[in-house]
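One chain, subunit A, appears in both complexes that follow, with subunit B as partner in the first and subunit C in the second.
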Partner chain A sequence: MTALDYLKDLDRSVFDSHNEQGYAKRAQKGLSEALVRRISADKKEPAWMLAYRLKSLEKWRELKLPTFGVDLSPIDFGNIIYYAAPDEMKGYATKWEDVPEDIKRTFERLGIPEAERKVLAGTGAQYDSVNAYHKLKEEWERVGVIFEDMDRALQKYPDLVKRYFMKLVPSHDHKFAALHGAVWSGGTFLYIPASVKVTAPLQAYFRMNARSMGQFEHTLIIVEEGAEGHYIEGCSAPKYGSTSLHAGSVEIFVKRGAKFRYSSVENWSQDTYNLNTKRALIDEDATMEWVGGNLGSGRTMLYPCSILKGRGSHANHLGVAFANTGQVQDTGARVIHLAPDTSSTVLAKSICKGGGRNVYRGLLQVNKGATGAKSQIRCDSLILDALSTSDTYPTMRVDEDDVSIGHEASTGKISEEQLFYLQSRGLSEDEALAMIVNGFIDPIVKELPLEYAVEMNRLIEMELNKPQRK
Partner chain B sequence: MLLDIQNLFISAPDKEIVHGLSLEIKPGEVHAIMGPNGSGKSTLSATLMGHPKYKVTKGKVRFNGKDLLKMDPNERAGAGLFLAFQYPKEIPGVNMVSFLRASYNAVNKAQNKKFQAMPLYKFKKLLQEKMDLVGLGRAFMNRNTNEGFSGGEKKKAEVLQMALLEPRLAILDETDSGLDIDALRTICEAIRTLKKPGQGLLMITHYERMLKYLKPDRIHVMMDGKIVLSGGKELAAKLEKEGYDYVRKILSEKNPLKVLQ
Partner chain C sequence: MKKTLKNHDVYILPRESNVALVVEAGAEVWVEAHRAVQKVAVRLKPGAHLRWMTYHPGKSQKIFTLEEGARLEYFHHVLGKSEDRTEILLEGNESSALSQTIFFGKADDRQTLRVEHVHQGKNTHSKMISRGAVKDSAFGRFYGNIRMLPGCSGANASLEEHNLLLSGGCKIEAMPSLEIRHNEVQASHSATLEKVDEEKLFYLQSRGLSPEEGLELLVEGFFWDALQKCPNLAFSEQIFKDILKCLSK
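This part shows the complex of A and B:
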């Protein structure tokens, strides 16, 4: 089952009597050539895709784990379920009662109605904002916009997919890109034809359970010349269970004069290694904007990257990271200026609490010849207690003299005086804290569409109210 | 009795600041505490509101019949105590309207369990009325709380909050400081207009100029953590006429410690 089949399969998923063993027995742990061949065969992929998968698998075997960022050595590649076929997925209907307590609480506190919660627990697949999507679909299909599940896009538009697929994040890029190339499954394909301006955000709301296929989802977005769009992805349902690796890939091609915004709110569970690779290639006079929120996952390494290839192109990165007890959020923006008159701005905000650790690891690269490049980077972190830490590692490689670059970083603690001020106005300590933190991230959250902004604020409040584990 | 302070001792982490202070305020009364810098006036007001930095080591404070010292700051606000800060805090990213609405709803909810949170559009209307009253432009509604406000605007915003929350007792901690004479007049007139019959006011100030506008029923002079001199209208009149020099004169004539004994 795919994300965009959600509506069709909803009834069956909800009302089918569940079949726990179907999934549990047949899902394989570990990675092998046989598995990669099976994935490709199941999906009836063209030969080139199988070849690419196999080549990626080879790369994965060759490549070493990254030596920077978080410690990835605990990942047991042999103990991960990389793929479960669709028919197996349908059989995997978990009872609401089987959902772990803290996940139930999360749904309750998010205000998701019980009926929906049952669906979420039971479908075991990606779940997206159905009404919003289907309404959009008709409207934009007429003007040539393609918004499909990635597996289906490969069937329907093989040439288009082939032209762009993993050209920006090739499998030899790093070990997890290679892994992704070998076992990718699901995700979103978005194509906006030249001059089409998609005014409403295209949304994919991923609600996945632990053993879903979504951990290696591929998102491929092509924004043709002069086109505009905004894609937003919410991954706010926590995952749970044995699966613990998320290595998705996002590739965005922003053509001449086009404007695109990619927003995401990622909230994985504590046992997840979130190692997503997101990259955009930006042509002449085009603009790319990233808005991201990262919460939940135990270990995150995520550095959305903008390659400013065309003259006068612009990138804007906005990010919030929240590291709570037991979490390391190693995030940052990478911007590469290849052409003259390119510009970029980065605003990164991080919050840590209960021993959480935030790292801003950014890269700014200006190549020789990128004259007149401008970049403004700002990192602010808010540390809520003495247990938590925050570090900033901004790497700058500037090979051109005619540039203008600014970098500011601030680290602050919640002030007792601010808290007291709000408390004296009737707010409890928790409410006061939440208000200050929400204010801190407001410059980023306000860039999200309303319902995501509300959810983001709620998620932050939940993190703040989470009792500290001893 | 609205506020009843008996023999209060207050310590900051490094030293004792208030050494045995007593004060009684009845509903509807206006009191003023005057005194030089470092006399403990602001410590007293922050302690009454529940600032965690200050510890009460001895003494009792009852507010509207309840033990004030047992309450958290937000509970004190809910019980009808208000402190207009000398240095209001900036809350980046939180605009006035969301902050004030959260405050308004919290305080009203504390006073009346059945209170329903006021919808935004209704609250904005109420806020506009009060803003007009204190002379704060409506555009401030959408600005971040106290961020980039001038000294006078911050003080107006404090009085605005008092107007919204309608406390039983408002403590005005040097609300007059940093204001020019026009701003002072506007703010004092707003306070006078806003004051409800049963509402108590406790103003804390260096200067006599606020007395002229707010006509306190009782004036207390504080020095070295104690009230060394108290008086009614006649003291107020003297102070208003002769200014703070009068206090200095009296204090130099009398040994302050003897006054207490």
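This part shows the complex of A and C:
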């Protein structure tokens, strides 16, 4: 089997199907102090973490739902499973053979081990609340790279975790950050020591399996001075017809002169509310790149944020969003320039069809003192039929005169001429449409590793062809 | 107050709190307003052509409704404190609108300007332009929005926003948004925020201009294209003189 074979048969049903799991049926719904204490006790966490969880729970009770973006009022917080761990998983496996059979089958269908063998430096796979598998290739372990499940990292490196944990996305930030602080479980911890350049990407795959599940994985990445790395995240969940909630948190610290790329393809099922918070703090002369695809989930609110703290730092945001029937993709990029000579670029592309709704909601802020800041923002959207809608709300706030900022956006439909031309060359209308759409998102897709790029293109083709299949 | 405007009318808007105007079908009319009028509602009957020029700070709210084939050219100039909201509804098919806002803020001026173009009719065209400069500790905010409602096939709109920051303490907030509810349309926007180009300033000084003269020339360059679009040249010249006065203070 070649690296791409599993993608040839890629089918939405692969993501939408689920395993019958007894544990999930027994899992408790709703959020209480007792549950938070149980999670902490289960994981044998230090006292400070329990205290942080309880403080976050308080905050969650105080804070109101956000008033912008998508309507979150249908979320029934009392009907969500906040913590579910498959019975047979006592700690994660480091050998693929040791992963429980059911779970192994799911990840094999999703192509996880295959991808690892071919291209990756390390892999993690999370199933509901806990990690099933985590593995880092020895050559990277030897030079001091740490790639761990977040729960395990807290046990093994408590001081390191304590120094950075929820410092960028504190629990008082917003209601879902508070919820995350209270019930977070699993996720990835990545530490790249100074001057180490990890040449192959590291990958984690997050899978929600249980019905009405909430997944709250925490990803903490520290890239020390002069180091380089690339981390990829894939996400999916089965379709049940009842609300699932994903409120993960990603914190990335890019130290002086370091370079880091974070890629994600989020393909949750349409039952899912995807309310992720991703933030990076970028030091002097460091570079942070975000590459993201948002395809699944019924409601998405996701705005990766770069804080350019050090002089000469740079952030690069690339994003694709696809909204199909019943979906609202409220996405965007936030960039905050705090230091002189910082620069940023944002390229956002969105496609909507079948009544889907796309919203680009961006923020560009240049604070006093960030002299010589430069930023270029471009957001384009493609509307494929009369039912779909697209909104663009870019906010630019500038408190400094020595800046140069440009913003461009366009919205429109596919040109009939292009379609006609491709059809005259022998392509069917569907093929022609897929070709134009693939061309439209190409600048972003080509930044993804091959497997992900193929997956993204295939997923978009699948979305495009949906009504014809019914 | 209610008033119907006929062909070739030149109308100076009185200082009143509420004004409702109707421009007769096929009429070509100029309206000038030198003072802030709190609320204005204007209806352009089919084929009417209205040129509207305002030059005032203060607080105001305006709604223009365009019937079939009507045409609006709207020029709004703001110096000093201001809070303004303008809505242009392209209700009839084939109607078109150009709106241009020029603002200049100094000292501790707070300027909040909102302009919205709503496309409802088929084959409607609109263009929104904004050029603003701020200095001292002024804070300028321009919120431009283009909304395309379902059914407005063939609509075409663009939004252009350019801002110039003239000193360290000033602030600009720009939010050029698009709300598109239909697919048979084209919409685009672009925005820039920048300071006076040091290189250009240096070049002008090397040609013998003082830094103040050089700055004046660059600010003139920034505004002049836009000011020239205004059909009443005396009007634009007066505004430009006032901008230069503010600049040298």
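One rule holds for everything that comes next: the second predicted complex is superposed on the first by the 378 of 470 C-alpha atoms of A that agree within 3 Å, B and C clash if a C-alpha of one lies under 4 Å from a C-alpha of the other, contacts with A are read in each partner's own complex, and residues count from 1 in each chain.
FYI, a contact is a pair of C-beta atoms (placed from the backbone, for glycine too) under 8 Å apart; a residue touches a chain by one contact, two chains touch by 3 or more.
This is a predicted model, so every value here is computed, not measured.
Upon superposition of the two complexes on subunit A, no clash is found between subunit B and subunit C, which fit side by side. Judged by the touch definition given at the top, the superposed model places A:Leu422 against subunit B, while subunit C stays out of reach.
Touch criterion not met for A:Glu138: it reaches neither subunit B nor subunit C. Using the contact criterion defined above for the overlaid structures, shared-chain residue A:Asp159 touches neither subunit B nor subunit C, since it reaches no partner. Within the superposed three-chain model, A:Met435 lies in touch with subunit B and out of touch with subunit C [touch as defined at top].
Of the two partners subunit B and subunit C, more residues of subunit A are touched by C. Across the superposed structures, the minimum distance from subunit B to subunit C, using CA atoms, reads 15 Å. On the side of subunit A, the complex with subunit C involves touching residues 368, 381, 383-386, 388-413. Only residues 150, 163, 165-168, 170-195 of subunit C touch subunit A when the two sit together in their complex. On the side of subunit A, the complex with subunit B involves touching residues 415-418, 420-429, 431-432, 435-436, 438-443. Of all the residues in subunit B, the ones that touch subunit A in their complex are 46, 49-53, 72-74, 76-78, 82-83, 85, 88-94, 99, 102-103, 106-107, 110, 144, 161, 165.
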